[in-house]
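Single-structure report; data block below.
Just so it is clear, A, B, C and D label the chains in written order, and each chain counts residues from 1 on its own.
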Amino acid sequence: MQELLKKLVEKHRQTTNLGKVANYIPELEKTNPKDLGIYIIDNDGNEYFAGEYNNKFTVQSISKVVALMLAIFDNGEDYVFSKVGMDPSGDPFNSIRKLETSSRRKPYNPMINAGAIVVSSMIKGNDVKDKFNRLLEFFKKITEDPTLELNPKVYLSESETGNKNRAMGYYLKDEGIISGNVEEALEIYFKQCSIDVTAKTIAKLGLFLANEGQLSNGEQVVSNRVSRIVKTLMVTCGMYDNSGEFAVRVGLPSKSGVGGGIVSVVPHKMGIGIYSPALDQKGNPLAGIYLLEDLCNELKCRIF
Amino acid sequence: MQELLKKLVEKHRQTTNLGKVANYIPELEKTNPKDLGIYIIDNDGNEYFAGEYNNKFTVQSISKVVALMLAIFDNGEDYVFSKVGMDPSGDPFNSIRKLETSSRRKPYNPMINAGAIVVSSMIKGNDVKDKFNRLLEFFKKITEDPTLELNPKVYLSESETGNKNRAMGYYLKDEGIISGNVEEALEIYFKQCSIDVTAKTIAKLGLFLANEGQLSNGEQVVSNRVSRIVKTLMVTCGMYDNSGEFAVRVGLPSKSGVGGGIVSVVPHKMGIGIYSPALDQKGNPLAGIYLLEDLCNELKCRIF
Amino acid sequence: MQELLKKLVEKHRQTTNLGKVANYIPELEKTNPKDLGIYIIDNDGNEYFAGEYNNKFTVQSISKVVALMLAIFDNGEDYVFSKVGMDPSGDPFNSIRKLETSSRRKPYNPMINAGAIVVSSMIKGNDVKDKFNRLLEFFKKITEDPTLELNPKVYLSESETGNKNRAMGYYLKDEGIISGNVEEALEIYFKQCSIDVTAKTIAKLGLFLANEGQLSNGEQVVSNRVSRIVKTLMVTCGMYDNSGEFAVRVGLPSKSGVGGGIVSVVPHKMGIGIYSPALDQKGNPLAGIYLLEDLCNELKCRIF
Amino acid sequence: MQELLKKLVEKHRQTTNLGKVANYIPELEKTNPKDLGIYIIDNDGNEYFAGEYNNKFTVQSISKVVALMLAIFDNGEDYVFSKVGMDPSGDPFNSIRKLETSSRRKPYNPMINAGAIVVSSMIKGNDVKDKFNRLLEFFKKITEDPTLELNPKVYLSESETGNKNRAMGYYLKDEGIISGNVEEALEIYFKQCSIDVTAKTIAKLGLFLANEGQLSNGEQVVSNRVSRIVKTLMVTCGMYDNSGEFAVRVGLPSKSGVGGGIVSVVPHKMGIGIYSPALDQKGNPLAGIYLLEDLCNELKCRIF
């Protein structure tokens, strides 16, 4: 396996040239576009890795998966999904149009930005600081990684430039979908996106979902059902408006982030963390997807 | 004329039943839906009126006409229309979708909310207070009404509940259409909408446009060309997405506001101010439009 | 006047370079893009002209004005406008989206293709041949030009390539807006677009509208009201989704066609016919609009 | 198992009251809304059934799965997916707007009507009759059911009333996505929707996909890869714009039809056919989905 990963990373090092590092904030732009790393942890505790598996990057949209589990934990499945749907939107992740044009009057799913902001607005806590801390602690717990922390520079950049997200927040407030303070919801959202991770952290998140919400010590942190909901949403909506094509090519519940990360889940078997910061036009890690496609062909681990 | 106005107000007093007073903020809801008033001032200084011509109401969207003239005065026609178009949008006045779906990447015109917020962001001044004061002084000057003032209760309500406008503001900021501070632009916009007027004030605004930007003392405050641009935009976009039907029925450059006002211009002849707070489904003063339609049939003053 | 026209045509001969002749059918593509002609007829019978005023071109969308008057004559204003609106759409003339996304469930106005197909479906007659003949005879009558005839080559090309119009026709049939046979409605529509005219024919159409539906012999063919409705729709919707900007620049009720024609109306005074086949990106005659803008500045004949 | 099915059908007989039989053509309206049937065939040849498993109904949109496999067989995967995407659209199955508003310029996936019409236009054959016959023979082969035949009454109704599909066909022709004759493509599409099936036929189709394109005699009719593509598209797009929620509730690759059928696949294990003609608002078999949800809870056969 270790050899396979090494070979695949070498093979797709060139592929990174076809993508472009996210540049909407200066912090992300500094990244080396040729980086490519992978980390795999299986159920027996084996760990495999290759490439820049140890580089730090911000978790970005992968945090939507974490926040969703905590929001369901805090509010229950019914309440959460009364405010956000479960269906693919067919539009880019930062699109606002369906909030106005669809008869649903709520974001289509928690994996697009509008839906994720709603989810972040539901995290409980005494104040906005407490809310984010609870999210960070929850993230540490399920990845069994106590070192996770906020990247304050990225957070500031996100907050300063995130006016499209801000627009969605206020639109959702006007529609009554967000009931609390919009700026607080955005602060949590921007902060959760700005947590530094490595491919290993992400692989641990994948393993947690592969094990249906259980930690390595057997503790059941979220229910099977919640874990299943999250994995299903990852399949149908996890790779933005390219989720359908990704499901055909890779066929694993996955979630990407513009920081270059992808978490993939091989149910009951393993968690996979990818780091591949050069993105395709949809905002997905370009070489990382090719790498995953080859890996699934080799391991025959697709769910379809 | 005075008799005619009285007769028409009586006739359409019943029509007010078909409309509904705006209720998105408590202050507007208190209005008497049966109110109906008209004020006409002609070029020779004659004044005619009937009904609740003396009631105070907030100017709301009619202020878009005033702000546009000042913004062109401050920035020039070319700059203003590089940030906002001149064409009808075909969508409701508070719609956001075209900001994303249209290839234009700017609001369609200055009479819909998105365009008006851009216009308000262009008013010059040392700070937000100064900017609004300049707008208020300009409004006083062209209506020759030194008593105009802000209704602070309405302003606070507008600001608190105006999250759809806030959403548009941040979206436009993200697109680079608004270059300054969004909350400041919104403060000016909400305040300009919250200026108290009467049908007479509105008639004076109409007269100013009828006289191509001249005051009664002959002072040319805005150029013929600017006055013509504004009147043209009133014809094509002034009555929201009902402007086309209104042009057929009434045929005068006009602008409505959800406070119940309508300004109408009979070029080179007279200004008309309407107060009719019960609105139709598009947000236009329902009985006021019927009244104007009858009036134009009587006076044969349509421009078409 | 004759001198002025000559001067303006010379001035804008170069402007034609900025446009492109319509090329969706081979017949239109053969046109000389440098052509530019104008014909003016006033109320006193004076005629002025310059440039290629005598070239033949197909009337295209200008026929929408003619068909609308006949459809109202045949069905009454109320029926016609129960199937098609009076408001600008804000979308390109061949756009289909609003048929699905708008709550109106009918085309926004008779000047966009969807609306014009509905209008053509309402022309009365024993069969499709008779219906088109009635339209052609009506067109001859109001332009006092008995030589008008169909260009069969253009018609065949239009019909063969007109699949977007066909799509709209079937969509409108499904919605119950078109009640008869779709292919018949399309045949009439494609044929009415394929009638050969010159700038003079078009100027005569403009004069007919300037005189509120009266022929030169005093015969009232359509009512004042119908003539007014048509002129109003020309102002708000006649130049496609550029109607607002055109109204500012030119300020006359006008209708363009992709064959290069523009009809403009100076109410109570004159009809203007333009021939300018090189089009701008919206599908409007580019140099023709510049020419009209200069002409209106000279004649001071704007309605605003 | 037989007992379980009987119990579940009984339990959900009442649920049928919440749905409504499709009524856009008279033939479908005659169906008994209280019908509910299920048929399961597993890999060992065991068959289980309950309720109206033997009633005939038209296959409708389930045929999209069959046509897609044949179109890929005839044209190759690359060609097919150059004309139709693989991603959920987020819009209703008969929506036309994205053909105009999306930058993709092709239908989002083969499970919505626009995409399915494109797929049907690709079926090879000497003429339209031959093309449909090839489709019918292919359908018979993979369901091992030689009795399948067209329901001519339903076909005629579909063809007469299918003007929204016709609109899409002509729109796609105009865009160059359909290269052949539109009416022929529609004839094949309407006919494939009008094939009579029972729950058993549908279960056989599911079994064929469960076995990755193999017949019971071991013959490999389509490749593993094609079978996988189809199943993936069923997960992400098979239940119209409710596919995401369905994936959470049921979690099996499935495709519904407005005739009341659902095919579901338990990979490597079994095919499930449902008949449940009373539909929910999205056009999916209402009681059938509840039945499947309970069944998956009992059998623990979800793929997520």
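Methods note: a residue touches a chain if its C-beta (ideal position, glycine included) is under 8 Å from a C-beta of that chain, and two chains touch if they have at least 3 such contacts.
Chain by chain, the UniProt names read as follows: A, B, C, D = Glutaminase.
Given the structure is predicted, the values throughout are model-derived calculations rather than measurements.
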Provide the labels of all chains in contact with subunit A and in contact with subunit B. none
If you tally C-beta contacts across C-D and across B-C, the winner is B-C
Using each chain's Cα centroid, which is most distant from the centroid of subunit C? A
Hey, how far is the Cα centre of subunit A from the one of subunit C, in Å? 54
How far is the middle of subunit B from the middle of subunit C, if each middle is the mean of its Cα atoms, in Å? 32
Can you work out the whole-Å distance between the CA centroids of subunit C and subunit D? 46
Multi-partner residues of subunit A (each touching 2 or more other chains): 101
Take each protein chain as a node, join two nodes whenever their chains touch, and name the resulting shape: line, ring, star, complete or other. ring
The answer for subunit D against subunit C in the complex is residues 95-97, 99-101, 163-164, 166-171, 173-174, 182
Seen from subunit B, its contact residues with subunit C in the complex are 85-91, 98, 108-109, 228-229, 231-233, 235-237, 241-245, 247-248, 251, 253, 267, 302-304
